[in-house]
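Chain lettering (A, B, C, D and E) follows the sequence in which the chains are written, and residue indices restart at 1 in each chain.
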Amino acid sequence: MLLARVEGNVTATRKHPSLDGWRLLICQPLDKAGAAEGTPQVAIDAHGAAMHQKVVISSDGAAARKSVGNNKSPVRWMVIGIVDEP
Amino acid sequence: MLLARVEGNVTATRKHPSLDGWRLLICQPLDKAGAAEGTPQVAIDAHGAAMHQKVVISSDGAAARKSVGNNKSPVRWMVIGIVDEP
Amino acid sequence: MLLARVEGNVTATRKHPSLDGWRLLICQPLDKAGAAEGTPQVAIDAHGAAMHQKVVISSDGAAARKSVGNNKSPVRWMVIGIVDEP
Amino acid sequence: MLLARVEGNVTATRKHPSLDGWRLLICQPLDKAGAAEGTPQVAIDAHGAAMHQKVVISSDGAAARKSVGNNKSPVRWMVIGIVDEP
Amino acid sequence: MLLARVEGNVTATRKHPSLDGWRLLICQPLDKAGAAEGTPQVAIDAHGAAMHQKVVISSDGAAARKSVGNNKSPVRWMVIGIVDEP
């Protein structure tokens, strides 16, 4: 699981049908000082993360498929928590 | 899942039979500013992505095997969406 | 599995319910000289690792799901050992 | 899946028995310009790839285990195609 | 699978019980010239690899769990071969 910051979202009219209705967020992994590090991941989100919010994301495909309710879905990364910030 | 740009394609006469008839695209992962970052992935594509188009790709082997209809296929990465561009 | 140092923890009020009650540690992977290398992973911990302690972490989702007792959990990385230090 | 160039091979007298009789190729991932990028992977090969040839490799363990015919094998990366070159 | 050099070992009194009795080696991935590249992996070893020896390591969790004989183990990386050296 990675600590990441929401940096945007992706709109795709043509996509795998299992992704219909899901937000696809561009999540930038962060180093321990909060700076960007590594390639952004595109993740689905059911928690309502806002732009620039810090989140925890996970690459677990099995759990993501259960979230979208489609066991043939190619979905993998998902937002699994919104980090509390002061 | 990664945001990527299609940068070419691979032709391979000798290949795993499950890949027959599939386009193999060279997909360059992008950072949040749209610049190339990290090693390109070779992905199958059923959405008809064009050269230089932005796509979302996923590493999910289970879904990719279902797409090619062969549960012994070594396929993993696939294009799962074409990003809308203005 | 990676050698890592605990560099902090994440608090997330909104999160996947399977993570309730689990510590989420920010674990910085280390190179062979003990210097930080690569992106930190967020890992669950049942061993009571302290701040700045060296740990071994694993990305195995199947084992992590068994640890949290929820086979739909998106959890992946977990602390699997605390490194002995002189 | 990665585009890679064969850069050598590994000989290991002591190895997991499922690897007996398989070539173990050192495959250097390539960027879109064909330059080396990232850490080489050791892959099994059933296609007869030659030194310096370009190949496509996949990390799929399930397919690799079926290729070696041993469902306890730790094998993962395999050559899945030989790239046509002019 | 990665070509790596054994650079040390980890001692952990507190660890997942499935790791009891297993050596945990710090394995530094190598580039094609034999130089260190990337983050070291901690791997179990049943082949008796010595300090500074070159090995092949694999991330396959299913095979590693069979090796330790515990299907709940979080173990992933293991030494799967010792490279012959002149």
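Throughout what follows, contacts are C-beta pairs under 8 Å (C-beta built on N, C-alpha and C of every residue); 3 or more make two chains touch, one makes a residue touch a chain.
In this text the structure is predicted, and so the values were computed from the model without any measurement.
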Chains contacting each of chain B and chain D, listed by label: none
Chain-contact steps, minimal, separating chain E from chain A: 2
For chain B placed onto chain C, the superposition rotation in degrees, Cα atoms, nearest 5: 145
Intercentroid distance (Cα basis), chain D paired with chain C, Å: 31
Chain A and chain C: spacing of chain centres that average the CA atoms, whole Å: 19
Multi-chain contact sites of chain A, meaning residues that touch two or more partners: 38
Direction chain C, origin chain A - full chain order round the ring: A, C, E, D, B
Contacting residues of chain A [partner chain C, same complex]: 1-3, 29-32, 37-38, 47, 56, 58-60, 62-64, 66-67, 78, 80-84
Residues of chain A touching chain B in the complex: 7-8, 10-16, 19, 24, 26, 28, 36, 38-43, 61, 72-77
